[in-house]
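We call the chains A, B and C, going by the order they appear; numbering starts again at 1 in every chain.
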């Protein structure tokens, strides 16, 4: 008995310390979970905080009157061609001088013209061409303001900031304030961001070029990797004999899944661009590289989905007289399809965010035009983000964040769709 | 620490039926609720109910476990005997959906009390499992695990003494004396189980719970473990779940028969097997139900 | 059927394609720059003669500083993702309620789904300046392109990966061992630390090797947050460059495909491929041997 009570007293002596250790351990592990959650929160907060202002674009309302003297040559297109070829640079300068006649000296005038974007002239041209009879009548046009004005109006740069951050003189600030008083300068929804390609001017830059490039590349990627992936998965899971070759294929697939993506880019550069002489920077090549990246994912997900279909389904089909191929394609595959699609969508979401391999095949150039086919030179959305992130101009910083928000929404939507698919079609055998 | 169990039963009684049963108990007859005539109960349960989510696993089990005896729990699969066993050292605490109502006492003290430290409880009640589960450590470290974490040994010498003593009491020392550093999982099935017994007794418990300790072992190993159990009962109170009626007859002093979550009959082993009072018990011990 | 077989061989073709193109171009490279210079050289400064009559190329193609930079940043990343991922897996597996686990696990998985270019942006815009300013505040010299910034962000990106593999490794440990530990009176943390973790160690180690492979091959975060300075240093506050950054730098410029600069990128790519392959194979071997132990 005394042996037991001695043991018990020693046990009791340590208990408090051990329970304290237990509590510490539990808190520490909870802290680890929180590290991840907090980081995610901060990341989203930062991106949304710095990017949401990019969805607004400051515009200035100008009443523009096109004079006969501004028109260009009539030629074959008649009046329309004359309007199209008019001297809009002169028109815009005249209009601005009319609003602020106090700008006399050359430097004052230059400062005045810098309130609007270089694209403003084109915007006026567009408005005039759409108008029925623009010559002589004042037309109201909201033109894009320059990026410096834009940042001030949206409050990204404080009005009291020193000159080197504000890039606007006091005189220019006065002009802006008088425009505000007459409500002719406003921050409105930034449609340009979603309808234009890249530009040197931040106020004219948009993600459409990158988005379309991504779309084409992903379409090419899926067109290649989905059929190949499903067929490989079917073969490996249903028909392949258990020999060294099959094992070798499986080992290869598992290894490819873990190869760094940049290596796939090198492959694309050496073989697709150099050996096959395919056009550089085209979504076609990008898609081909991405398809090699996503192939292992689809194969692995496909095999898991096919494996989860009970063998009784295949056996029943065979018993009814179906050939092995028919049994698989008519019976097993449709049942495995939700799982395969889920894996494909997740793989696509990953491919959408890939940047490094596409840098390798040249999608790193400055391209203004929105691609209209898979062989037009283009960039993809993540590369666009990468290119913009290097530009120190504040206006590009907010656009980079906004582009990130666009990319994240696509990735998030794809993943949510995959989860929805999985839940909806999940059958427990 | 000792408690007069009769006095305990009287103070716990709240209704007439209960008192009536006590009266019958005092007369010394075996009964269906498992309360012992005379004799100190090392552990006792009253009205123990266990529920896994919506499914009731144990209904109102009241049972006394006498000290320094082997009590066997028998019954068909799924009857609740393992569930009951696991309540005795609160192993069911680890299961989310498991709800325990009623009382279980060790030496008269409620083990489900709010101030009862589970960690400490398990130094007084040890457990041996169905499939031998030595840690992937050396034989020495396996047995030393308990004393180490509880801080029972003051120094290396004392620890050595505890380990060797436990191995000896478990009847394993002679076979492993020269290879204490060898991995525990390298032993045969029967040796592994004896190692687990040594591990359990290293923390000097008072009660040892055994959940079908021989079901994964061959007949020779089983025999050795049964001999060991009969030796150990002199020092420990042993509660054993077994699916083998022959084993219960060989080894135990008292037997409790469970059926579909109810404690059907309990008493001296010879009485339960030769003179079962309840039809269900009769059916089971004669092999009509299984 | 033949179609199916052909489809399956695309995987082999791809590997063959990768290996051949890397080796082929690397051989071209090693014709111009000696192999030993590359593998053992301590100086990385890839310039090539611009005009034919320039006396001697002033370029140096020693890869050691790149390896050192890669290792430094990877080590920092693993120091973050290893402990944090493991402890998170322990909390979610052992202590968390079912509801907590069901809500939080997908959120942590989201960290793995974020494109690396976003992480790179965050590292460059937020983490690096934060580290530099904090460093200044306490008198430390922290570069604005420190290895620490890139390493930290890479570590956090890999947390779900390590957590998921650790969770698998821990779950693979038979429940009976945990029960035995608890039955002897261990607290939950004692059971985890003394019994479960040692038993799960091979699986966790394999997971860390796989994470290392991921981190070594990572490109965008380091391109955007780490520097181009090929330095041989162990100081996490300095700017270093990695193999992947140099591959990008060498190839996103205007040069002939055959120039040593371009070919150097392939040699680096080959090195990267071999290293990550070795890590993956080792990791899978460890995990496989460990799984057989418990089956």
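Keep in mind that, in the parts below, contacts are C-beta pairs under 8 Å (C-beta built on N, C-alpha and C of every residue); 3 or more make two chains touch, one makes a residue touch a chain.
Everything numeric in this text was worked out from a predicted model, so none of it was measured.
Between A-B and B-C, more C-beta contact pairs are found at B-C. Centrality annotation: C (chain centre taken as mean Cα position, compared with the mean over all protein Cα atoms). Ranking every chain by how far its Cα centroid lies from the centroid of subunit A, the top place goes to B. If each chain is reduced to the centroid of its CA atoms, subunit A and subunit C end up 24 Å from each other.
The centroid of the Cα atoms in subunit A and the matching centroid in subunit B are 64 Å apart.
Centres computed as Cα averages put subunit B at a distance of 52 Å from subunit C.
Subunit B has residues 119-120, 123, 149-150, 203 in contact with two or more other chains.
Across the assembly, subunit A contributes residues 11, 18-19 that each touch 2 or more other chains. Each of residues 185, 187, 190 in subunit C touches at least two other chains. Residue ranges on subunit B touching subunit C, taken from their complex, read 89, 91, 94, 96, 119-123, 126-127, 129, 131, 133-137, 145-146, 149-150, 196, 199-200, 203.
For subunit A in complex with subunit C, the residues that touch the partner chain are 11, 18-19, 21-22, 25-26, 28-33, 35-37, 39-40, 42-43, 46-47, 50, 227-228, 231-232, 234-236, 239-240, 248-249, 252-256, 258-264, 266-267, 269-271, 274, 292, 295-296, 299, 325, 349-350, 352-356, 359-360, 364, 382-383, 385-386, 389, 397, 400-401, 404, 407-408, 411-412, 415. Of all residues in subunit C, those touching subunit B in their complex are 98, 174, 176-177, 179-187, 190, 194-195, 198-199.
Here subunit C touches subunit A in the complex through residues 1, 3-5, 7-12, 14-15, 17-18, 21-22, 24-25, 83-88, 90-92, 94-96, 104, 107-108, 110-111, 113-122, 124-126, 156, 159-160, 185, 187-190, 192-193, 210, 213-214, 216-220, 223-224, 244, 247-248, 251-252, 257, 265-266, 269, 272-273, 276-277, 280-281, 284, going by the rule given at the top. The residues of subunit B lying in touch with subunit A in their complex are 117, 119-120, 123-124, 149-152, 203-204, 206.
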